[in-house]
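Before I ask anything, here is the structure I am working with.
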C-alpha cells in the first residue's frame, strides 16, 4: 500500500490522478453494508419482497443506476464504463437487518471499489426512504469493501 | 407514524406520492454518520485538514453537491429546491473515526431527510476514496437521522 | 390555442418562454403509450410481472426517474418540482401489447405534459431494453397526451 | 435469439449483465419513429425548418444529447462511449408526419440500439414540446429499430 | 455589498448559505461575453447562422440547457427553478468576435446571476467546439454580469 | 487544419462526428483563463487559499467535476473517459487576477480540449460565485487553449 494520499499532488492540491499509463485489465470489486430497523419494519420489507410493495426491487435499480453515476458524485473518481453490476440482498430476521452486497466490474485502467460502495450505500438509503414513514430511526451500518481483483495491487480481501 | 409503506399504492406499486396538498413550510433535517479507519490514516486526514491535502474540504463539497442531486439518486424522492446545506466534520482521535453531520433545509411540501442522509453518505464515501490507497479496510458506520423539523409530523429527534 | 410556436421569439430564435407572471396552480397531466411485441415476449413480461424477472417493476422506476429529469432532456422545458408521479401498466394479451399510462402533478407556473410523455416513453423503452434479447422487432406506438388540468388553458382531454 | 430475459439472473433479479468478456467491435444501430400532427402544425414545422423557428434544429440537438445520456435513463443499460450520432428528419406532407431516424455507433462490448431508440424518442418529444401550444393532440408513432450491426448477433434488419 | 465571503461560515468552511428566510421575489440577471476568432472563422459562423451549419442555433440550445444545470456545476449555488432563459448573439465583423448575452429569470429566494454567466460561458465554449477544427486559437473574453434585478440588493448595473 | 466546420454534415446539419476509425492514442490538452477582480477581493481570495475560506479549493473541485461532465454540456462533444485532470491557480497581485490552468488527458479517439476549457471556465465561474457578494463586477478573461498533444493533428501550441 501507498504511504501517502495519492489524490493530492506534491503541493497538497487535489487532482484526478493520472491513470493513462496503467494497463487495461479486468477489475472487480465487491462491497457490502446493511440497514438496521424495527422488527415490524423488517417484516414489511420481507413480505414486500415476496409479493407486493417491492422495496428491494426498487433499491436494486437505485443501486445499479448509482453505480453508473459514481464519477459524478465522488469528486476525484475517474469516469468508468462498467461492464457488470449485480446487487444481492440478505434478510436477517434475527438481527432485523437487511444487507446489500454489490459486485461491480470493468475492463479498464482503474478499480471499481467506489462504484460498489456507492451502489450499496444508495441501495440502503433507498430502503430508508421507502420505510421512513413507519420507522425514522433506521441506521445504515458497516458499509465496507469485501474484495477487490485486478490492477497492480492484485487480489485484496477484507481481513 | 404510518403503519404502511406510503411509497406503494393500494396495489403495491411504487409511486412518487402526492404531496401537492401539503403546505409549504420550513423543513429542516440533520443526519450523521462516521467512517472508521486505521490510526495512521486518521493522522493523515487530521493533518490534511489543517494544512495541505485537504480531504475534508473535498468531502464537504461532495456532500453539498450530492444533497442537491438526491432526487436523481433515490427513485421515489421528490425533487426539492434546498435553501441551505451545511456540513460539519468531527475528528475523534481516540476512536480513529471521522464523523460527518449534515443539516439541510427547504421551504417546501416534503421533508429533507433523504438529502441530509445522502449528503453525509457521499461525504464519507469521498473520504474513503481519497484515503483508499493507504487503507482499503475503512468502514462507514451508523448513518442515521438525528433530527427533523417541519411538516405534519412536527419535531422528531433520535431517541 | 395559440396560432404560433411560442418557443421561438419574434426573430425566430428558440428561448425558454417567460412563465414568471403565470399563477402557481395545481397542474396535472396524463399521458399514455404502448409497446407491441411477439406473443411469446408478451407471455414473458406477463409472467414476470407476477413472479420473477419483474420487467414492469423496473420500467416503473425508470419512468418515475425520467419524469424528474425531463427538463434536462427536452431543451426548452422549464425545470419543474413534481409533487406526484404515478405509473400504470395495461397488459393486452389479445393485441400482445403493454400499455403505460403516467400521471404527473405539480403546483407551479407551467404544465407537466412533457413530464408525463417523457416518463411513458422511457418506461416503454426500458421494456424494450429488457426484452430485446428475445424480440428485437418490438415497436413503441401511440405515445400521446390523454388529459391536462390546470393553468390558463383549463381542462383538456384527447378527443 | 435468446429464449429468456438476460437482464434478470437465475433468481429473477434485475442486474446489469456481464459484458466484460465480449470483444470490442464496431457496433452500429439505426432506429426510427415519427410524430403525427395537424396539417397546420406540420406547415409550421416545415416552414420553420427552412427559415426561422427551427423546430428540427432544436430536436436534433436534443436527440444527440439524449443518446449520450441513455445509460442514465434506461436502468440496465451499460454506459457507452459513443463514437457517432447522426439524426435525420423526414417530412411527409401527405401524412402530416415528421419522421426521425437516428444512427449511433461505438467501438465497444455492447450494442447501441437503446441509444438510437432513446435519441429518436427524445427528438420526437422535443417536437411535441415546441408545437404543443398549437396542437396538443400530436402522437408519437412507430418507434422501432431498423438495423443493427456488430457483436455476436451480427447484422439484423427489421423484417 | 458585504465585506466578507458569505459562502464560508464563521470557521471558514464552505456551505450553501441559508436563503430560507428571504422573500420570493422576481429576479432577473443579464450576463454577457464574447469569443474572438480569425476573420475566416467568423465568416463561417456568420454565413452558417443565415443558411446551413447553424453554429449559433446549437450554441443557443447549449446555453439554455446549461442555465438549468448551473446548480450542478457551481458547488455552492442553490438549485433554482428558472422561469425564463433568453439568449442573444451579436456578430461584430470588424472585431471578428461573436458576443453572447443571456437573460435569466426566476421567482425565488436567490438571484440568477450564476445561471446567466454559466449559460453565456457554455454558449461561447460550444462555438469554440464547433469551430475548433478550423481555428484552435479562439479566445473567450470578457464574461461578466451586465445587470441584476430583484432581491434585497435591488437593481445593479455594470458601471 | 480543416477548411470547413466538421460538426455539420454535407447538408449543414449538426451531428456528433464519426471518430470510430480513429486510433486510440494518448491525448493531452492544456487550457487557461483568468478572472479579474477588485484588489480587496483579490486579497480575500489570496488569504483564503492559505488559511480559511478556501475559495480556490472549492473551485478546483468544481473544475475537476465539470471536466467529467463536458460531454453533457457541449452538445456535439463525444463522451470521454478522462484519465487525468489537474488544476493550477496563478495569483497575480499586481494585476489583481486569478488565473486557472487545467490539464486533461485520456487514451482515446478524440481530443480533450473541450474538457480543459470547460473545467477552466467552471473554476473561474465558481470563484465568481463565491466572491460575488463583495464584488459583482468581476470579469472572466482570456479563456483559451495553450497546448494539445496526440491524435492526427499532433502537437499544437498557442502562438
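When the chains are written out, they are named A, B, C, D, E and F in that same order, and each has its own residue count from 1.
Throughout what follows, a residue touches a chain if its C-beta (ideal position, glycine included) is under 8 Å from a C-beta of that chain, and two chains touch if they have at least 3 such contacts.
Quantities reported herein were computed from a predicted structural model and do not represent experimental measurements.
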Chains touching both chain B and chain F = A, E
Touching both chain B and chain C we find A, E
Just tell me the minimum hop count from chain A to chain D, counting one hop per pair of touching chains.
-> 1
Distance from chain F to chain D - Cα centre to Cα centre, in angstrom | 31
If you average the Cα atoms of chain A and of chain B to get two centres, how far apart are those centres in Å?
-> 16
So what's the Cα centroid distance for chain B and chain D, whole Å?
-> 37
Two or more other chains in contact with one residue: find those residues in chain C.
-> 13-14, 54, 57-58, 61-62, 65, 69, 72, 75-76, 81
Which chain pairs here would you call touching?
-> A-B, A-C, A-D, A-F, B-C, B-E, B-F, C-D, C-E, D-E, D-F, E-F
Chain A residues within the chain B interface of the complex | 1-8, 11-14, 33, 44, 48, 51-55, 58, 61-62, 65-66, 69, 72-77, 113-114, 117-118, 121-122, 125-126, 128-145, 148, 156, 158-159
Write out the stretch or stretches of chain E touching chain B in their complex.
-> 9, 13-20, 71-72, 75-76, 78-81, 108-109
Listed in rising order, the residues of chain F that touch chain A in the complex are 26, 57, 60-61, 64-65, 67-69, 81-88, 105-107
Partner chain E, residues of chain D touching it in the complex | 54, 57-58, 61-62, 65
